[in-house]
Every structure is written in C-alpha cells, then in structure tokens.
C-alpha cells in the first residue's frame, strides 16, 4: 500500500492553517454567538476528508483507504487488532458528521476537532473516549518561519482516531514505517502506545524549529552591534511574535501531557505512562528553551536601542567636533573681512600670518580638548 | 409574539453603560459610605424595567410581556415548564424591589444586580439561587471600539431570571429563535441548559471584538515602521486601555466558569456541566488571545520608540553630513574674504582656482568618509 | 446626645497620620530594638483618648461619653444590649492601659492598636477577642490627595471596641444615625453586624478617592500628548506613589476580609458572614480598579517619554531644515566675497543674478527634498 | 558583671561581614568542592570565640564568661534555670568544635553556623534542637549604609545558644538589662521566650535602616527633578543594591518565622507562639516597606531618565532657536558682502537700512514662531 | 591505582558540551521526529566510554578499570561492598547498550543519559533505580566563562553508576581520595551517601563560577559610569546570557533536590536525607545569588543607557554653548563685511572698537547665561 510514500511536500498557497509571514497571530476559532452548540465551521478551501485505516497485531499489518466512514464499524467490532484511523482534511460537514456517528463522538468533541484552531487540550468524554488536541509544526517551504496545523487524537478501546487539517504533510511517516516493517515494539503494544508514538513525533518536530531561532538571534545580535537599522527592528519583532505563537501551542500541551503522565486512566496502560512521562519531559525542555529564547529576544531589543543610542552619540560627536573647531575660526576670518575704515591689524605686515597663527592655536587647543575627552576615537 | 424581532440597534447617546472612546476606564459602582446595605443606585437615564416571560416544554412555547412583577408567581408555581424571565432596564427602584420580593432575592443580590457595573462573579444564596454576573460586549455603532453591558443571571429551580441594563440590544436573539422553533435540544432541557446557552452566546460575542484588535495592531505596526507619529501613540494607548478593560471582564468570568464546570451543584445537571466546561474553554481561549494581544501591544510601543529613535538618527545624520561638509568650506572662503593688506595668495594668478581645488578635495574627502560610514544611505 | 453631629471637618495641620503631599511613603510604626513587648509609642501631638459608649437593643438606644475607662465594666456585665465603645485619640498611655485592663486586652493587641500605622491585619486572641486593624481614607481638605487613619476593631461578645487616631473625622456618622433612628435592621442584630456596617462604610470610602485618580489621569494624558513638561512628570509620580500607598492598605484588608467571610468563628453569625462576603467583594473590586489604574499610570509614563521623544524630533527637524537650506547658500555667498584678484564671475554682467539663480535652485531642491520626507509638516 | 556595658561601637576596618560601600553584593559562603561535609572555613581576621553564660530563674540571675567550652556542661545538667550561652567570634576551629561536642551539635549545623554568611533558615535537628539563622543589621559608623552580621540561634531544652560573628556590637543589650533587672516577664519564661525577645530585637533593628532609605529617596527625587546628574545615577543604584541586599535577608526570615508561628513544636510553648506571630508580623511589615521602596527606587530611575530627556530637549531648543534665527541673517549679510561688480542694491541710498529692515522682519517672524510653539519659555 | 591523579586539565578544542564564548545558548538534545524511543544520538567526536569500578567497605578499597561492561555483574552480585561505576565518555552506542543491559537500564533512561544535554531531572524507574541528571560546571581554561557537562547518576541497591561526557575533568577527585584514604565517614556509609557526596561536590563547584560574575559586574559598573562604550554593551549581554544558562541548570536541580530531601525512598536512608537537605540549601543559596546577579545585570543595562543619555547631553551642551556664542558674533562681523556704499558705522573713528565692544558684551552675556544654567561645568 505504502500510502505514506505517496505524500509530498504540500503547497502552502492560501490555506487556512498557514501561519504566513504577513500574518499576525491567528485568533482561535469560534462560531457565531448563539449558534447551536456543535455547529461546524467548514472553510471553503479545506480538503475533503479521507480516512486511512491501518490495522495491526504483532503478526499482521494492513493499510486501507476507506470509501465510506461506515466501513470503520467492521474494524471496531474486531477487537484482536489495534486500528489507527487517520482522517486528513476537514472540508465536508456531511462526512465528518458520519464519522462522528460511527465513532459515537460527542457533538462538542466534534466541534473542537473541526473548528480549527483550538487551544491544545485534553478532555475525557463519557463514552470512554479521550480527546487530545495538539498543534503540529513544520518548517515552511521557503525556510523562513513555520506552519502550524491542528492534530486531534481520539483514543478509544483498541483504536486511535486522528484528524489532520490537510493530507499533504505530517510527521507520522516514520511511525507508519515502524508499523509496516515491525520496527521496535510498536506492534506488540496497544492503541495507547501508538498514541504516544505520534504525540512524541509531533513534539520532536518542535526542536529544530526552535533551534533555528537561536541561530537567527545569534546572527542578528552581531549585525545589530555592528550597525543597527530599521530592518533589524522588524526581524526582532517577527521573532518575538513567532515565539509567542509557539508558546501558545506549547504551554497547554505541557499541561495536558502532565495530566496524561500522572493520572491513571483505564485507556492508558502503566507502561505507556512511563513513555508519556518522557513526552512531558520533552515539552518541559521545549518550554525551557522557548522561555530562554524569549528572554534573549527581549535582550536583542535592548541591544538594538542601545546601539541606536550609541550611533546617535557618534553622529552628534562628529557634528560637534567639526562645528566647534570651525565656528570660532569662521568668526575670526569674518572679523578681518569687515570693511571698517580704521582696523589697525589689517595694515600690519604680518597680520595675515598672525591671524593664521591664532587660528591654528585655537584649532589645536580644541583638538586637544576633544582628544582628551576621547571624542576623536572613531571606533566607538 | 416575536419580541426579539422587534428589537433594533440601540442608540448609544449618553447611556451609562457605554464605554465611549473619550472615556477612561469606568470605575465599579458603589453606594455612599454608611448607606444601608442593599441601597440601590438608580441612574436617571436608565430605562424602566420590562419583564418578558418565556415558558416552554418539549412540546410547548409561549412568550409574554408581564404587566406586573407579581404575575411571575403563577409561572413559578407551575413546575412542568421551564420559564425564562428577562428583565431589561434598571430604571425603577419600585419595580425592581417588587421583582426581588416575588423571586425572594436577597437584598445584597439585588444590589449587585442593580448597581452596575459590578465585577463578574458567581455567588450562591441560601434560597437555592445561583447568581452569576457577567458583562456582554458588542461592537459600538461607529465600529470603533465596543460597548459593555452588565447581564445578571439568577438561576432557580425551573426558572432563569436575567437582568440587562437596557432593552435595545443583546446577543440572545438566536437563543430565542432556537426556543421558539424548537431547534437543537434546548426545549428538551432544563433551566440550567438555557443558562448555559445564554452565557455561551455572551462569550462567543467576545471573539469578533478581540479579533478586530489583532487586525488593528497589524495595520498599526506597518504604519509605525514606515513613519511613526503622535497619532499612533494615541492609538496604541487606546488599544492598551481597551484590552485592559476586556481583561477586567474576562478574568473573573473565567474563574466563575471554572467553578461552575467543576463543582457539583443541585441546580446544574451533570450533562450541562459538560457544556459549561466548553464555556470555560472559550473563556480560556479568549484570555489566551487577550494576553497575547496585550504582549503585542507592548511590543508596538517598543517599535514606536525605536522608530522614533531611528528617525532622530536620520535627521541628525542629514544635519551632520551637510554641516560637516560646508562648515570647513565656509571657513576657507571666509579666509580669502579677509581684507589684510598683505595676503600673497590673493595676488596669485590661479589662486581662485586653487582655492576651488582645495575645497573640492576636502568636500570629496568628507563625502567619502560619510559614504564609508553608511551615513549617505537614505533608506535607513 | 448626638455626638456625631458635633463633629466637624478636621484641621489637618501637622498631625501624625496625615499623608501630606510633601511626604514620601510613611513607614510602619516600630519600637526601639529590645524594648519590652507591648511598649507603647505615644506621639506628642496625639489627642487625649475619649470614650463614647453607645448601647442599643431593638427597642432601646443611648449614647454617652464615659469619664473613666472603668465605667465600661457596667456595660460589659449587662448582656442584653449590644454596646459600641468608640475610643478616639491615642494620646495617653495611662488611659489606654486602663482601657486595656478593663477589656482584658492582650499587651500585643494594645501595641498594635496604639503604635500607628500598622499593616491591616486580622488576629484572634485567646480571650475570645477578634482584632481587625484597617485604614480609613478620606479626601484631604484641599481636595488634593487623601488622608489615611488607622482604625482598630476589637470584637467581643456583645460589644465592639473601636480605636481611631483622632476625634474630628470619620465615616461612621451614617451608622450612628441608623442606630439612633432605628433605620434598617442594625438594632435587630448583634455586635458582629455593627462591625460589618462600620467596615463597609470604611471600604465604600475608598471608591470616590480611587475614582478621582481615574479622572486625574485622563486629564493628564491629554495634556501630555499636547505638550509634555516637567510638571507632568512630577504629577505622574505623585499619582504612582499615592496608588502604591492605597495598595499597601487594600491588599492586607482583602486578605483579612477573605478570612472573615470564609472561616467560621463563634463571634460572627452565619447571616453576618454573607454581609462580610460583600465587603470582601468590595475590596476585590477596589483592588481590581487600583491595579488597572496602576497600569494606566505606567502607561502615562510611556506616553510622557514618547511625547518627549516626539518633541526632540520636532525640534531637531526645525534645526536641520533651516541649517541644511542656508549653510550651502552661505557658502556660496562666501565664495563671491573672496578678494582674489582674478575671479572671472565677478566681472560678468549677470553674475550676481546668476548667483541668485543658483541659490534659489539649491534652496528649492532642498525644500522639495524635505517636503518629500514629510519634515515640513508642522503638526507632527 | 555587666558584660554588656563594656561593649563599645565596633571598629569596622576590614572585617569579613562588613557590607562596605565599595562592595558589591556579598556571595554566600561555600567550601571547596568535594570537601568533607562539615568542613569549617575560618576567616583569618575573625575574633577568637568567647562564651558568656547567663543563667536565670524568676528569682535568680548570674552572668559569667566561660574559660572552656566544657564548663557549659554544668549548666546543662541543672534544669531549674534557663541558660543563655552567647558565643561571640568565629575565629577558632578548635574551640568551635569543642562547643559543638559539648552541645552535641550536628556537623552540618556547625557548618551553617560558622561558614558565614548563610541564607537565613530554620532547621530542626534530631537531637531535639532547633537551628534558626538570621542576619542582624545596624547602621555603619559613618552613617552611610549598614552592616550585616549573621546571628545563629540553637534552641534546646532549657538553654539557648547564640553565635555572633564578632563581639563588639549587637542589638541584645536591652534584653540583657531586662534579664538582669527583672523587667517585664522575661525571667518568668523559658528559653523559647528569650529566643523570641532576641529575634524581635533583631527585626526591630531593620526598621530605622529602612526608614532612612525612604528619606534618602525623597531627597534624591527633588534633586533629580531640579537637575539630574551622573552622581544621582550612582546613588540610585547604590540604594537599589542595598535594598536588594536587605531583601535577601528578610524574605527567608519571614518564611522561617511563619513556620515558627504556625507549626507546633515541643520546644516552643503556645504562649510564646503568640509572640512569635508578632515577630512574623514585623517581618511582613518590613517586607511590605521594602517592596514599596524598591518600587519607588525603580520610579526614581524613570524620573532620572525623563529628566535627562527634558534637559536634552531644553539644550536642543536653545541651539535651535539661536541657530534658526541667525543662520538666515548671516546668509543675508553674506550676500551683500559679495564682490560682484554689478549689484544694484549696493548703490541704493538706503540699501543698508533696507537690509536691516528685512533682517529685523525675519528675526521677529522667527521669534514669534518660536514663542507660539512655547520654545522660548526658559522654565521647561 | 590512583586513576584520578592521572587526569589532567582537558583540552577544550571543539567538544560538544563546551559552552564557548561565541556560542549562543545551547539547545537541548532531541532525536529525529518519529525515531524509535530510546534512539541514541552519538556525537562523532565523543570519547569512547571507559568504566572505572571502585568498590569499598569500611575496611576495604579497590579501584579497577573494567575491560568489558559485563565484568560489572560480579560486583553487583557481591552485596557486602558498595561499588561506584564511573563511566566517562559517551562515544560508542555498542558499549553503552551493553552497560544498559548489564545494569538493566530502561531504554528511556539510557536515552536521557546519552543524548546530552538534557534538562536536569529526577526520575524513578520501576527496576528500583533512581535517575538523577545534573550539570557540572567548571571554569574554562582561558578563565573567561565556564564549561558545562552533563553528569547522570543511577542509584541502585549497593551501587552507584555515574556517566560523564568526557574523561579529562571532573569535580570528583577529592571524593575519590576520601574513599581511598578513608577520610570522614564515607566508607562507613552506603551508596546513597556516595551519591550525596558527588552531588555536593558538583553544587559547590557553582559557587566560584557565580562569585566571578559579581566581581565582573562590579568592575563593569565603574567603567560604564566613567565612559560607556559599545564594548560594555557586549559584555553586559554576555553576562546576562551566561547567567541565564546557569539558571537553566540550577532551577531544575533545586526542584529535584527538594524532592530527594523530602520524599522517603527505599534507596535513601534517613540520615542521608539530612545531608541531601544541605545540598538543597546550597541550591537555594545558589539560586538566590543568581537571581540577585540577574537583577544587578538588568541594573547595569539601565546604568549603561543612562550614561549614554548623559554623554549625549554633554556633547550637545558643548555644541550648543559654542554655537550659541559664536553664531550671533559671526552675524555681526558679517554685517560690517557688507559692501553697501552708504554704511555710516564703517566711517566712524572707533567703529571697529565699538563693534568689538558689542561683541564682547554679547559673548559675556551668553557665557553668564550658560554658567547660571550650569552648562559650563565639564564634570557632568
């Protein structure tokens, strides 16, 4: 089958979940005031949902694209396998409602899954289902910035249901290969372990994104110290805004993972909780890095302002040194340009040279004065 | 009947709950020190209270405008229906006290409801009544800013009593339609579900208001980077103040909703608590967006100050370049304007051209010096 | 009797509890290191203590000025009435110690009451007494700023003992009238309700004081945006300091009131706890307003600094425009003021007019350059 | 005996616990990595330990200087008296180890006592001993700033052991007199009350130190508003640093006192806990003042920066006004200094006076322009 | 044997754990998204792991370099001794996996140990093992800055397993000597005490590093006050960044040590918990110093900006004083340089001297004006 292999880098043009460079922070989704609870807001350019069902046991594996949501019922009845239903695309209310019916999803659960973006959260629904909403990040095609996409997990008994905003890209390919080629112990474990493996792959995806900001800021700092300009101001604020964006995704994930790792739940086995604890550790490390980077970005702003102050000083110093030296000299030459009839100096034999002498003395004195104050050093 | 259909956009002229552009943050209401507890402060221009009673059961629905508060007693005795009493206008102490008597409201409860604005809060009164005070927001007519209005809910057994400051506008129209046309499951549920539906419509009303600020700030940022002026300063501070205002409304609502969603209470059924949890989630998302916007507004201020610094630098640079080039030249021409009798250069055949040569050399040297320092680039 | 009626506006000259405009933040009271616990620090200009005893029951009321502290004993023995002992003035160690003996006050309790100012606090003493220390505020006579005065409450069985710093002013007059004329249900209730009524009147007194700051800041903001000067700086910092002062009083009161409203205590009945809850709500609303105003005051400082930057820019721009236009022109006229023997232009028929032509061209070019940059607009 | 009377003001020259004006914040003590736990770091210039034993009962009192640490054993065996062992000076490892052996002190307890400074803390050791480490402050001899010294209390059954860094100064003299002359109830109480009395005297010692900063800042503020200079910058930062230093001492003391006042402990009687509660209140009041002062110090910095901005503005304005008025005039006089052969104005009869007329008109126009903008007012 | 003695100062060239001056903050380690849990990331230049086994009892001691990881099994079987396995170098996946097998380490535990750096943490694994990850710091060879290295402890029954990144340097030498020469009570205690001793030596290593920053900042402050330049800006930010780095290491260590000192655990005896409490105290003191230093570094930035403002003022003042004095004078001499035919003053006998007189009067007036304003003082 090899569905995953067919996937390609997505085209980013005009999609709703894209965090573009020009975009300010994206607001959370909401429906019109007074709408029925569970109202779905379907974006016009969202992809039609596709359902891939992957069932496996230690000795068996199969992946199939379902033609109707109702086909999933057969998988749900057969309890000897673990089945992963991967829904990609949120572009049809009809199909999504049929999926909800098949899996007996609460209307509010469906609303949270479909009306993207939502704040990451963990919720338990009465029908023995666990909802975990998270944001997947991956670098944007042009390498500047990143794209976020909401991924929702519904963990049930023997199955895991995931919803992605669009079909073209995800971080799950290595997990699909581990299932297909029976690498590691994933086929020996239940749906909860699959859940862990997918969440882990999402979290690990944040690391290279974050690391990139560290490098950008390091570069920015040296540029600013050398020569601050308006362009740096824009870049600092772009970084600050994007880190804020990542923070909004990571804080609630950390909270939810903490609950998952600590609270006993019938759907999650004790051994998987140890693994979820390592997911929580990753989230803590990510937030630790993030907060550090945010502090460094604030420092960058300070450096920018101080460098600006330094430059103003430097410019003023040049003006002051030149003005202060030449203004008195210009006054002197002005004196001897006057046309008074009786100006004895003008008649002197060496008046002109005396005048030069006085001017050179004054100029030297001022140069010495500025040199002593350190205003002549061009380096500062 | 169709009461809701008759409602129109309110006229904002001079009303007490209006958050006008010129207004600074509105203080909370208080009575004179030492006044009796329960003293009501009635604003002169407040509307006379009108009571609309809507009773419904799965199969039945009726809306009626009550002529006297005491009429409500009949509804209260009949326990097979759910009744929603909607009081609009807080302009008559007599009527309000009669309502309080009919519903057996605690004097302090009535004070909180009438002396607007109060901080949003949740309080339980001994007579098996739950008081929830909240603030409704909607965009002001001119599209700049928003208006807040206090809405108070008193939830009792089989009835819900709401108080609004004025009759012209609210976010409840869709709920009224859902009851009338039996959309969704609202008629199958009790007064607690009605309470949820109304609170939910109020919270959803905050989203478009907040979203608007994101767009305003994005626009402001590009304008400031291009050319910061005094007007932007005013706009940044207007945004900051209005976000502060929204924050004052949202934080206590979030707290109250958290209590409602988590603590068991005889008046609220288990299934409604799941819905109230989604209200709490909305409040959390709103606060998340709000705090993000507040941070962005603080960043805008930074950008403003830095852009100002950049402009000062630019202005200084122009002055310095021009002054520094011409001041020495002016000195030189001054020299040869002196009237000394003996100035050999003046007699030279090519003295004048030599003088020009020296001046051009100096000027070129300085231009080169400034070019090397990057002070000639007009873009920065 | 009508003691309260005789009271007049106090004269503020040189009293210890006055928070004057010139005063920085007043430190808390302390005794010399190593002094006996319970040492009293009596200020030289404090008033001699006067004790007013007001006893009442639903059907009875009497107010009397006690001549000796020991007279109070008769009141304490008679348990059918509620008695309010109001001590005004803290200027005699002897009388205060006799009061302490009569009421069996713990030495540390007396110290807290007499050594003003103390941080507001709630303390329970073993002899079945509750100490609540609070600060009363009222506007100063000149209308600029406010005055704080410590008020201490000792709540016992059937009696309430209050200590005020000075006799001339308090916010208790309406309560005295409610007792005398049997308004509301105060005469039907115990000493705990009296305690509530007095505390409530103190808290309500904070509202107009705080509101005043909102108005001041609104006014300041427009003035600063128009023309920032040094005087505004002083006023901003005066406001910040006074808000800090109010905050120091309100935070601990809020904590203490929270305890009073939540924790069961034999001296406070259940029905009074509901009223104390509304006091707590008032304190929360006051702090909410206060913190908002503090943030607005911080914003004012930002506006001040930005306006200053704007002005510097404006001044610089005027200088730069004028200098940059005239400096090259002055250079040109200097050239033709030189006395070289051979300067061909000087002989030209239209040299002078050509010179003017060149100068006008340069000036127009520069004016155009500045106009394009927007430096000629006088409004910014 | 009268040991305390012999004490004199200490000489501050070069001692280790001195917080000198030149010193930056003193780091906490530590031993070399890998040293044995309990390793003592003895400073070369520390004083040799002296032990004063003061034993008392309601009817008896005696103070004696012990010649060997082992003498203390006799006191410990006699349980009818309370004994206070006051060790001053930490300059001999041998003597300190013998003291530790006599009192059966845990090696880590001894390390905390000797390796000064430690962060204030409260610790309970298994041998029924309570360790309380605190910092005593007193004004430095020159009146500028203060000195901190670590004082450690070991409270046991019937005895109190205190360690001070040096013998010359402490705040305990009044306590010694209260014991000697049987003032107050100190001789009627146990070692826990003595402990309270000493801790209280240390805390009261912070008040005058803190108060001094309030006065300093008030003075600074008016100076800065009048004329900000570099010296004020240094003073603000000195104050900030010293308040930071006090804060480091007070926060952990507050925590420890809170524990002492709330948690039941066999060594501390119920009645003493009431007194320790008042110590805790003092610590809270000190921290309240401290945080207020820290905020005022931050405000001072703001005032400094704004005043600097104001001054720059003022200087710029003078330059701009003078330059802008005279630069065009200088240009005009330059024109008529040109030597063109044909310049008609030069021949006019009233050319010179016309020229003056034009110049005066221009100058008046500019003066009027600046006056309208308010740039001529010298006060701002 | 004396392994420790053979160790030398490490060469810092190009190693992965080095925190170089040019490096920005190092991100935490992560594996590729979707990798198997437990995937090891081996750095190409990491050292090959070496295992030193040190076994001891009160009467016995031996240190040996193991040739294969499996040799350790013998030690583990023999329970009468305590054995310390010290693994240095993380450069071979094969060897590390064999160590994990020998000690039955959980795959996630091994991952945390090998994929450096990790955030310090404490974790309990089911196989009765306690994992404690920490960071060791030591000054870099050039004395500027410091180096951090991850050290991981696995505490088991009767053994302690430590992992260091590289073999050349650690802070454990004194502990090795205490074991070898039986100093202190280390040989009388179990593996938990050894664990404490090593952790303590790591924590004590932070003190001199931190202290160094206090000295650097003190020096910087005086330099900046004298003459702020760009180089100081860079140094302040280097310090801020490095303190941030230390903070990232210390906060999680403090948390973990708090847990160790408070929570009962079968592997840690009660007496060792007292010692771990002192480790926790050290961590608290370190963080206290660190936060203080961070605040001082922020203050340094303020001082820098203010000093810059001061300098700008000073430069402007020089320019303004010189310009304002000479510009009017130059205007005057310009007047008498005009060539009008009729200029009466030019003919006057003392016109020239009168002109000088007027100019001197104006100059003196201006000098007096500036002197009164304090603009002539060169010191500010």
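Chains: A, B, C, D and E, in written order; residue numbering restarts at 1 for each.
Assume a contact is a pair of C-beta atoms (placed from the backbone, for glycine too) under 8 Å apart; a residue touches a chain by one contact, two chains touch by 3 or more.
Just so we're clear, the structure is a prediction, and the values are computed from it rather than from any experiment.
**Student:** Which chains contact both subunit C and subunit E?
**Tutor:** Touches both subunit C and subunit E: D.
**Student:** As a multiple of 5 degrees, what angle does the CA superposition of subunit D onto its copy subunit E give?
**Tutor:** My answer is 70 degrees for the C-alpha fit.
**Student:** Please work out the Cα centroid separation of subunit A and subunit D, and write it as a whole number of Å.
**Tutor:** 44
**Student:** Between subunit A and subunit B, what distance separates the C-alpha centroids? Give it in angstrom.
**Tutor:** Centres of subunit A and subunit B (C-alpha means) sit 27 Å apart.
**Student:** Residue numbers in subunit C touching 2 or more other chains?
**Tutor:** Where subunit C meets two or more other chains at a single residue, that happens at 305, 309, 312, 316, 319, 323, 327, 330, 334, 337-339, 343.
**Student:** What is the shape of the graph in which nodes denote protein chains and edges denote touching chain pairs (line, ring, star, complete, other)?
**Tutor:** Here the contact pattern is a ring, one closed loop where every chain has two partners.
**Student:** Which part of subunit C faces subunit D closely enough to touch in the complex?
**Tutor:** 24-25, 27-28, 30-37, 106, 108, 111-112, 118-119, 121, 123, 125-126, 227, 229-230, 233-234, 237, 240-241, 244, 248, 301, 304-305, 308-309, 311-312, 315-316, 318-319, 322-323, 326-327, 329-330, 333-334, 336-339, 343, 345-352, 355
**Student:** Help me check something: in the complex, which residues belonging to subunit B touch subunit A?
**Tutor:** 171-175, 178, 183-184, 197, 200-202, 204-205, 207-208, 210-211, 214-215, 217-218, 221, 225, 274-275, 277-278, 281-282, 284-285, 288-289, 292-293, 295-296, 299, 302-303, 305-307, 309-310, 312-313, 316-317, 319-320, 323-324, 327-328, 330-331, 334-335, 337-343, 374-375, 380
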